[in-house]
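Mind having a look at this structure? Questions to follow.
We just call them A, B, C and D in the order they show up, numbering each chain from 1.
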Amino acid sequence: MGLLTPTTWDLTGRVTANAPVSSGLLRLDVELPRSVTFEPGQFAMLNLTGAGQLVFRRPFSILASDGRTMSFLYRVVGRGTERLADLEPGEAVDCLAPLGKPFAAPDAATPPVVILAGGVGLPPLHAWLSRHGRPGDLACFGGRDGGDVPWSLLSDEWRVSVDRDVDIPAGRQAHHGLVTELALSELERDGDPGPRLVMACGPTPLLRAAAMLARDRDWPCLVSLEEHMGCGYGVCKGCVVPVRLDGPGDSGWRNANSCTEGPVFDAADLDWERFGAHHATGGAA
Amino acid sequence: MKHPHWWTLDVEAPFTIGPRELPGRVWTASGCFAYGLTGHDIAAQDIDSPYAGIGAVVTKTVTPQPRPGNPMPRLVEMPVGAINSIGLENVGFEAFIAETLPALAELAVPTVVSLAATRPEEFGSMVAELHAAGRDMPTWHGVELNLSCPNVAEGGHDFGSSPETVAACVAAARSHLPDRALIAKLTPNVARVAPLAAAAAEAGCDAIAAINTVVGLDVDLKTGRPVLPRRFGGFSGAGIRPIALAKVDEIVREVGIPVVGIGGIDTAEDALKFFALGCVAIQVGTAQMRDPFAAARIVQDLRRAES
Amino acid sequence: MKHPHWWTLDVEAPFTIGPRELPGRVWTASGCFAYGLTGHDIAAQDIDSPYAGIGAVVTKTVTPQPRPGNPMPRLVEMPVGAINSIGLENVGFEAFIAETLPALAELAVPTVVSLAATRPEEFGSMVAELHAAGRDMPTWHGVELNLSCPNVAEGGHDFGSSPETVAACVAAARSHLPDRALIAKLTPNVARVAPLAAAAAEAGCDAIAAINTVVGLDVDLKTGRPVLPRRFGGFSGAGIRPIALAKVDEIVREVGIPVVGIGGIDTAEDALKFFALGCVAIQVGTAQMRDPFAAARIVQDLRRAES
Amino acid sequence: MGLLTPTTWDLTGRVTANAPVSSGLLRLDVELPRSVTFEPGQFAMLNLTGAGQLVFRRPFSILASDGRTMSFLYRVVGRGTERLADLEPGEAVDCLAPLGKPFAAPDAATPPVVILAGGVGLPPLHAWLSRHGRPGDLACFGGRDGGDVPWSLLSDEWRVSVDRDVDIPAGRQAHHGLVTELALSELERDGDPGPRLVMACGPTPLLRAAAMLARDRDWPCLVSLEEHMGCGYGVCKGCVVPVRLDGPGDSGWRNANSCTEGPVFDAADLDWERFGAHHATGGAA
């Protein structure tokens, strides 16, 4: 059999840290047997080993990869993330990474970027900003309340909004309201902001709002979807999202694997009407 | 792994099914490794490739027309397996022949093509076309007729739950497939599977693949409604292994046709249970979705040299 | 336990099945709590008795003659359930009427008597005798016809896998059971269970109990042979829950007769899934073998007051 | 519903100790929420809680019960005992106990006793000897080798035999051979020993040998069987053993629950021919 260049590694790593970074979010650091590079927006499929093994691995965006250590940010929402939260340093984690299409690096033609990150949608955009951020980019994070915000991860570049403005630490600021409102008010402070590239990751309502904000202004918009996944590497068709057959405006549609053709999609390619009735409640963020 | 004393097979040695020699006895199951092209860019520290030692990749089932499949969500994880309702999403036969088959040939993936249709003649014409297109493809070893998908059942019964239908589909395919293995994949959602296997054997089938998924349902406690939009799905994984072993045993002992065992095979131990009952080969489904190296590691664990 | 918003039943309130009012909706399943006499001498710190809140104990199935059952071993534990081949060992109908029934009356255990036979007339005569013996027993609520035991299958098919047989057995029993609930317990080892349920309903049955065990097999890796001397057994427990939910849903939606749900119910959450699909009651089998208080704790967890 | 006096408790206890007492045997101490009395020969059904829970509990003879602490002696032979061995102090154990018919206490008519204990068959007979032992009783224990013998549990009263006479600690003695041979040689040292009551627990070959030894001499013999069990409390019929319908010599037979009618049986009541082809290899001891 011919062998293509491997791009993804199936490795068993060891937990080096696993602790809360806010009231609702935990950070997991896994030391892998080798260093694995990634592009911001790519994800890993994680699983426990032994008796705790899940039938399916779970997808998590890669927050950072430093030498052999790969980091994640997650929220406990069900069986799998409960088991993740129980992991102690030294315990094993199966990690298939990196997977999926990233948020592209900017080039000279890329307009300034508006980042909209909600809850556990932070990792890909945090990674992007650290690696590719340019002066003029605007980064906004939306959390439930001040306690939920992982302040230690958010440099002063980040604007923060919260649903309930309680527990804001001294010396930090948070806008009360939606993260899209925060972004717009920042952008429009000095009049018409000019074209932007919107990049969003978070619960589906946030993604819809981001796509609408961009569409209304004719701005390009990339969204990272957190669709349910089975395999994460393109073999099961358990993660599909409807995309327009011939790009923006086309009424024909087809199912795209969100694990291999995404998770980052051009918002204009998505068929938002067909997309995810099952995401109405806001998903896992 | 320590091998039991009765274990003597070499799962990496060639063996024959009907008119065809296949390179090994551990395969990936249909629908759980796509078309077999996706594993090439994945690596691990301690094992060459997800294909190492694999006897065949059974492709995702291909239908005459492309299918968009069922609405999302399509997968429910159970503590002991999963329920899926993919709905046979696939590129369709034309695109498969034009694009997928050449890619499989190019990458030299040992291939068994899974086909589904709703009428015997459709099986016949697909097999004829496939035979023409794949004639010179040394790594194309056979066809698996998916006579059993419960997700696209019509009128409540699985397609292929009557011996007559099974026989008609097998006969139609056989007449166009002189030199490749012809395998019928049967539904487990019947009282007795042996009569179906006997009908397939009678109609000229070389082997039976068993089992496909078992009709199952799970309820979302939050809503009180079934998790899957179509209510029912196909139950697979560890939870169905006892059922798979029972069906396989029924076929092996009552019909005697070669059987390719499928159902809840996660480990080499699980595979051994199917070989113990007389299976000529086994397939790895749900486990392959979790672990790209699942089948390859089973081969590694079954390797005689390590016993 | 936090109850979902749609949950409004009081499982300890009386409710009717056919002509009879039963005291509650959580029962123990046949064969997993013997004749219902064994729990009285067991205590726990935090709960009164294994019977607390239980709607009925379904007795071990009683047959016209005593049966010694199958050879040992009779049980295989799976990671996700068990396979049993008890073989309907029971004291026989005569001893049941003479000794067991009076003891159940004396201890006031809410009782549903499970009966099996190989001919409809036997069901008729057993029910007639039971009715005579139990007429004045206020805690005897009904009869469950076990039309489904795969361990004593004859000729390969489960007894009761044809609508005609089911109808004949139900009719024979019904004619002698005017004032107690008549429940038919159906086999899941058929392609579709709705036709059996419809036949039972037509013949005068008050409710369907589903499911009995699923035919399964496990292999002993040491020997390479099936673990159970009779090869096949009945698969029960968590592994069959998706199958049970699917069969129950099929009956509820296609036939509309009241359904008593059984299959892999370990916890209150599991029970809720069956109630969500419309079951009027549920039974606890394998879990009751592990935990004498399994059913009682499910009642405790479902108690409205705690929501 | 009428309620009989409870005789068995279903309790969740906590592990207080779980450690090897020989190369092959471990001792487990469980602290229960209340004290539970038992008769030697009775057993408990144990299980883990949470993710480690087994479908069926496992039967273990009670070695001792001291206040609220109940003790067991076990060998790792499969999934359940592997999980038991992993238990750390403080972890929970489900315990249904006491169950089954004990070895009866001796009365004036009871002849001196010969105890034959093999491997994990020790607990019931150790408990019996501690509680009911009288001068003139003979206690023999058979182990695999010197390392396998739990010397710390065996006072000098105990005679010991081993299959392989290696690893015998200084100051202790072990007969090389079968435990029944050891017993006979001890008994016959001073000529005809007179009538004895044989009490045996251990692997099936040992039980058969004990029963034969007794039968040949017309001595009474009690054996404790370690039959497979499902429930342990008489509800499943998964543990049956064939007993003669009308006692010794009768050719009719019936199945008896070994959990409620046993595990201790009069050897003469058992139908040894029918009994346990599946025990040919010696079971778990």
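Going forward, contacts are C-beta pairs under 8 Å (C-beta built on N, C-alpha and C of every residue); 3 or more make two chains touch, one makes a residue touch a chain.
Keep in mind that this is a model prediction, so the values were computed, not measured.
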item: Distance between chain centroids, defined by C-alpha means - chain A, chain D (Å); value: 59
item: Centroid spacing, where centroids are CA-atom means, of chain B and chain D in whole angstrom; value: 49
item: Centre-of-Cα separation between chain D and chain C, whole angstrom; value: 35
item: Per-residue overlap in chain B, given as positions that touch at least 2 other chains; value: 78-81, 238
item: Where chain D touches two or more other chains at once, by residue number; value: none
item: Arrangement of touching chains [line / ring / star / complete / other]; value: ring
item: Chains grouped in pairs wherever the two touch, ordered by label; value: A-B, A-D, B-C, C-D
item: Footprint of chain D on chain C - complex, ascending; value: 31-34, 38-45, 49, 51, 60, 68-69, 71-75, 77-82, 84, 86, 89, 106-109, 237-238, 286, 288-293
item: For the chain C and chain B complex, residues of the former touching the latter; value: 4, 6-7, 78-81, 83, 156-158, 161, 189-192, 194, 214-219, 221-226, 231-232, 235, 238-243, 245-246, 249, 269, 272-273, 276-277
item: Contact set on chain A toward chain D in their complex; value: 51-52
item: Touching residues on chain A, where the partner in the complex is chain B; value: 1-11, 33-34, 47, 54-57, 79, 94, 96, 227-228, 230-231, 233-238, 240-241, 254-255, 260, 276-278
